[in-house]
Amino acid sequence: MKYVDEYRDGALARSIAAAIAREVRPDRVYRLMEFCGGHTHAISRYGLEDLLPANVRLIHGPGCPVCVLPMARLDMAIACAGLPAVTLCAYGDLMRVPGSNGSSLLKAKAAGADIRMVYSTLDALRIAEAEPAREVVFFAVGFETTTPATALAVRAAERQALGNFSVLCNHVMTPPAMRAILDGGGEGDETPVLIEGFIGPAHVSTVIGVEPYRPFARDDGKPVVIAGFEPLDVAQAILMLVRQINDGRAEVENQYIRAVTPSGNARAQAEIAAVFETREAFEWRGLGSLPASALRLRPAFARYDAERRFGLAETPAADNPACECGAILRGAKTPRECRLFGTVCTPDTPMGSCMVSPEGACAARWTYGRFRDNAAAARRKEIA
Amino acid sequence: MSLAKPIRRKLDLANGRVDLSHGAGGRAMGRLIEDVFLAAFDNAWLAAGNDQSAFEVAACRMVMTTDAYVVSPIFFPGGDIGTLAVNGTINDIAMAGARPLYLSASFVLEEGLPLADLVRVARSMGEASRAAGVPIITGDTKVVERGKADKIFISTAGVGVTPPGLALSSDAVQPGDAVVVSGTIGDHGVAVMSKRENLEFETAILSDCAPLHGLVADMVAAAGPGLRVMRDPTRGGLAATLNELANQSGVGFTLEEDAIPVRAEVAAACEFLGLDPLNVANEGKLVAIVAPDRLEPLLAAMRAHPLGARAAMIGRAVEDPDRFVEMRTVFGGGRIVDWLAGEQLPRIC
Amino acid sequence: MCLAIPVEVREILPGDMARVSLDGVVKVVSIALVEDVKVGDYVVLHVGYALARIDPEEARKTLALLQAVAADA
Amino acid sequence: MSLAKPIRRKLDLANGRVDLSHGAGGRAMGRLIEDVFLAAFDNAWLAAGNDQSAFEVAACRMVMTTDAYVVSPIFFPGGDIGTLAVNGTINDIAMAGARPLYLSASFVLEEGLPLADLVRVARSMGEASRAAGVPIITGDTKVVERGKADKIFISTAGVGVTPPGLALSSDAVQPGDAVVVSGTIGDHGVAVMSKRENLEFETAILSDCAPLHGLVADMVAAAGPGLRVMRDPTRGGLAATLNELANQSGVGFTLEEDAIPVRAEVAAACEFLGLDPLNVANEGKLVAIVAPDRLEPLLAAMRAHPLGARAAMIGRAVEDPDRFVEMRTVFGGGRIVDWLAGEQLPRIC
Amino acid sequence: MKYVDEYRDGALARSIAAAIAREVRPDRVYRLMEFCGGHTHAISRYGLEDLLPANVRLIHGPGCPVCVLPMARLDMAIACAGLPAVTLCAYGDLMRVPGSNGSSLLKAKAAGADIRMVYSTLDALRIAEAEPAREVVFFAVGFETTTPATALAVRAAERQALGNFSVLCNHVMTPPAMRAILDGGGEGDETPVLIEGFIGPAHVSTVIGVEPYRPFARDDGKPVVIAGFEPLDVAQAILMLVRQINDGRAEVENQYIRAVTPSGNARAQAEIAAVFETREAFEWRGLGSLPASALRLRPAFARYDAERRFGLAETPAADNPACECGAILRGAKTPRECRLFGTVCTPDTPMGSCMVSPEGACAARWTYGRFRDNAAAARRKEIA
Amino acid sequence: MCLAIPVEVREILPGDMARVSLDGVVKVVSIALVEDVKVGDYVVLHVGYALARIDPEEARKTLALLQAVAADA
């Protein structure tokens, strides 16, 4: 796979790891947050941690749209799927996300709701065309990467005068979430934000470009390196961050320059702008309500807005109070510090946002990395 | 030192439903199998968790059979799809005169099936299997999307061992042989139909679903080589079974309608539905063809067994190039007893 | 969720669609979001849509940079 | 003198469809079984027309297994639901080191299934059964209403005989044992998924569906008692199989990602779909755990067999109270290889 | 079963048979047509023929609504079932009746049409209520016995304002068919009508009473005895007919007096009259087009008339020319005299109207009586 | 097709319906077509509707007639 395999090369990886080890200062800890679930996945999937010095710590951020989707929105989707004649189309990632009272799309489907897994908004459009008697609702989630596909689908529905297609919109934006991380846990929360730099999103940045990250460097003094999703991309970004930190710099650098341009994808931006407008505020699972952090359909597209079309309302739903996701997402705690981790809360029965998607911090740790928490592993490491 | 283990939550057997994760080969499937099937079938073969189970056999003549069970509704008076799946396959082994040894069970579950229903079916299977002394030693589970199956389909297969020297065969019937049934006919089909949507009627009739290998062992002992062939008249009823045997043996049969045991309520339900009890399915009855000189000991042995209490000789094999099954009716006339042409009865097995 | 993968464009189809290939695995995707896509281009594919074009020169440079770091080590 | 016989019209195998009469136990069913199944499976056991079939066995350790096959679509590159139903069950027998002897097959057909599709599936089964030398000796057919099944479901069961002295067992794995796979992984699942509606992609990948008992016989001969256990990594893939074995034997495994054979196209398709080849189903591969001193002869024997040409040692069993399956990735780091949580892949078997 | 079992008594049957045997004149043949399929069934099912003297011959008439339904009407029902959103409800008897080109409702259902077997018009109404998005069409066939149930259903649909229920009406009437039998095979057909008397329908007569049969006795000189459907009823009616014939009488007598009153069921007649009107003519399979022999919905119920609602038209469909049903139904031939009987034409693959329902003359002979045609039976009779 | 059977009326239900029994097999049917149906009556049942009432006296007479013929024989 061109542009893939070369960035997974083990030999090169060891050299980069050696460079990082050489350049880190032994007297300090480097706490680096990869904002994006894609990075979390790459790091866990390839065991990147094992190649890093102990004082380079990776903090898994909230950049997984499945993880941050609040239960109330999921409940809304389940309620919508239960309406007569509604066919709810959702990306497969969402099927197992827990709503209130142990519900999920998977269980709602088992109980009789017409819920279909789709791989693309194109599939949802096809279903709407093929089944005119159904009300086809696309359950839209995702960051800026995924939003343009929804925007295109809405515009296509309008062009084709598809009267039975609408979107339940949960699209969120990256910069406000990074802002929230840096601003800490909100009123009353005095936990210091222990993050020295950010690995910036790969594919979000293909759409939004480099500019939106400037304030985090300029105003907060946090270096940002936009990185590709292959493990060598991440390793290189870590090296770049270590160097900035060592140099006392706080800049926005672009490691993923083969796909990310400074101004991003103008077409995609225009599609988003044409169809969506910013919500005043939106609830993020684990982070709370964040102002101007999410999108909804513009009034001109009201009839494609499932919330308006079906009069859907949010009913507040409380997360498990023992869940430490908020603190984990801000780098203040690690999954192991949650007392539910790995016993009550596992990917099979997730309790909190960080466990629901394989890209979540807790799920990634449990699925790929929990051997690092056990004694046998430690012993094996000694022997090796 | 090992890590804390995930807390193993029990399935919500009261309110839960089968969903697609239960068929995906992951932990959810393992939990379903453990909490439902292993719990209900409860034997060491299954507990070993292999994809197959092993057992020792002495040199013998073995028989193997399989049936798929798709009855609707899955619960009916006197049984359910689970009891049927165990007893039905045991009976196909027993019909060879064989002693059933082991069963396998494979399940196709429809997404949305209440776990409570699945548990009920699995427990029925476990009970039927223990009652018959024939363990279910290996199995498989698949889950399909809602609307791609009808609640639950079960296929069971079974193996058994034939007593030395016994060789029943469907082509062994001789003119003059006696035709014996082990009891009243039509009970099962009528019990199932009484619960079909759009067909409901109230009746005290129960399915006759039962394992016949105990009765068969007594019959083999009593009739010896005089026993020509046995068959359980399931789908298609007594009429289909006798026509099959007539074709395979190249004989005809003459029956006496008066002699065929039919419960009054079964006869009444058949009148309601425009059916003939001879075409209605049974799940705990057998037809045996026996040499005339072994008829009496056979009937005596059958009547001494609870499942053969109403055993009756209902007719004889005759020479007939047309291989007709004929019957002298209660009214005194003659008629053919034919297969039902293109019958579309509810799914009764 | 932001799963995306570079694929090679094999054929431009009507309606802003293209046939793309990843090591011989071929799919039809939308190229409505990327301007001037040509056969032979590599694009980053996400949920059925091309999102960005891979710049081969920049890719080469990134790799060169990585190899340089490695050579130093 | 006998009457003129009804003219036996052949089923319209080109344009006909399965209808409810084909499952009703009457003449239409008999004709379906004869024209489709007896014709395709073509053996004397079935031709005898009994509800069970008999065979002689010597004293032995036998194994029995069953699987239900519900794959969708029913035809896919490299095979169909019929080849799968024969080879899959043969493989579950072979995984015990046993020689498969006989199969049973039970069918649930959806009303409306084109007879041409049924014939194609039956012929695939007949060919697979003959190629493997394992006849299908007994069977059953049910027909359910349109919308109550998905075209065709098949359950096969099988019996086989274990060579004397061989006792493979899932709890026999020892730390230090080698983990061997017989070839590339993920081919079957990817081939099936490439034909799923809404998922279609073009690829030259074929299902690896194949009967493994020949390979297994060579392996048993080469490794003798050093062979601890074998399993075919079907649903849930290599990851599920190794986790099962780890749990059952109370050991951990460490794998080398580099050593696991994966076709480039399978890897590419998995990237497209966001899947890990380790979780994808195989239907003609096996995993064997072998004592270190028998590794080399085993690998040599496997590579000498066409179905083991790409056999590879991919890791080792280790002591681990947590029973983790760990892997050193191509990148050089470590990770756990877990079951997929609540996977909802298309029905691939 | 009270009022059932006592009329199936074998001992009594033998006595009646003896009486018949005693009373028949050896020098003549008694050709008696039981008009009704219910009688045909009872006769065959209980083997009544075996109890009768050889010179009493029973001729199976056209009184089976399934048998006389022409292919064109069946084709119309199949076409109707294929319309989008149509659910066709039919009595189970109709599922296997062959239409043109080997079609049938059973095969149409297998090919995807939504066709449901019902046991009563009440079931069809329930389906219409439960599935408002479906167009539920009841495929109505039957003689006067069955027509009132259809009439009640139409009136119930009107009362409940069920907008999605309609009837594809094929109801036919008994007296015109008896008239056609007596009038012979139409122009060009010179076959004499060899029927000396009629066993009149049991349940048709509960509805229409005794009067409508008078002309056949009065004008045609054919005695008619209305008889119940149990075999002793039939035996008694045969005895009554033998006596009339011996006496040279031609009257309408009522053997089934326990259920049939002289004027019939006034309520049922009123229901029929309210909903239906007489068609100018209607095609009968085996008998051809008979004037004023069938019913259609009155204009006031036009919206419940599936023919009008869906603009269904009849396309003529020719029966197999070798089929002898017409002659058989008129008593001119027996099934064995058809060269297709029992080889090409069997209940599994019926070629003509008399083979499609177990109540048809050919089907009854084949299913219950064909042993009488073979040599072994003759031999067995000798031995017995 | 004209299949019909005498059943005993066990209970009159609202909406011109009744619960009827045939040797203990019980069904709910319409009695809209027969006037003044009472519990204990026998009615002739056809496709879910009672069509006629059985007159017990006439039934007795018919049987008596049959028996008389038999006695003559």
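Which chain is which? They are A, B, C, D, E and F, in the order written, and residues in each are numbered from 1.
Convention: contacts are C-beta pairs under 8 Å (C-beta built on N, C-alpha and C of every residue); 3 or more make two chains touch, one makes a residue touch a chain.
To keep track of the chains, here are their UniProt names: A, E = Hydrogenase maturation factor; B, D = Hydrogenase maturation carbamoyl dehydratase HypE; C, F = Hydrogenase maturation factor HypC.
Worth saying up front: this structure is predicted, and the values here are computed from it rather than measured.
Participant: Would you indicate which pair of chains has the most C-beta pairs in contact?
Facilitator: Result of the pairwise contact count: B-D comes out on top.
Participant: Could you grab the centroid distance between subunit A and subunit B? Build each centroid from C-alpha atoms only and quote it in angstrom.
Facilitator: Going by mean C-alpha positions, subunit A sits 55 Å from subunit B.
Participant: For subunit C and subunit E, let me know how many angstrom lie between their CA-based centres, rounded off.
Facilitator: 74
Participant: If you average the Cα atoms of subunit A and of subunit D to get two centres, how far apart are those centres in Å?
Facilitator: Here subunit A and subunit D have centroids separated by 38 Å.
Participant: Give me the residue numbers in subunit B that touch at least two other chains, ranges are fine.
Facilitator: Touching at least two other chains: 1-3, 20-21, 26-28, 264, 267-268, 271, 320-322, 341-342, 344.
Participant: Please set out, as single numbers or ranges, the residues of subunit A touching at least two other chains.
Facilitator: In subunit A, 1, 4, 96, 106, 119, 123, 232, 346, 348, 370, 374, 376 touch at least two other chains.
Participant: Which positions in subunit C are in touch with at least two other chains?
Facilitator: In subunit C, the residues touching two or more other chains are 3, 5, 22-23.
Participant: Give the pairs of chains that touch; include all such pairs.
Facilitator: Pairwise, the chains that meet the contact rule are A-B, A-C, A-D, B-D, B-E, B-F, C-D, D-E, E-F.
Participant: Under the stated contact criterion, what part of subunit D meets subunit E in this complex?
Facilitator: Counting only subunit D, the residues touching subunit E are 1-7, 9, 17-21, 26-28, 111-112, 146.
Participant: Under the stated contact criterion, what part of subunit C meets subunit A in this complex?
Facilitator: 1-6, 8, 22-23, 30, 32-35, 42, 44, 46-49, 51-56, 58-59, 61-63, 65-67, 69-73
Participant: Could you list, by residue number, the parts of subunit D that touch subunit B in their complex?
Facilitator: Within the complex, subunit D touches subunit B at residues 1-3, 20-21, 23-29, 48-70, 72, 92-93, 95-96, 98, 102, 104-108, 137-142, 144-145, 147-150, 153, 155, 157, 159-160, 162, 169-170, 231-232, 234-237, 240, 244, 248, 281, 320-322, 339-345, 347, 349.
Participant: What part of subunit A is in contact with subunit D in the complex they form?
Facilitator: Residues 1, 4, 8-10, 13-14, 17, 44-51, 92, 95-96, 106, 117-119, 123, 126, 231-232, 346-348, 358, 367-372, 374, 376-377, 380.
Participant: Report the residues of subunit B in contact with subunit F in the complex, numbered from low to high.
Facilitator: 200-205, 264-265, 267-269, 271-272, 274
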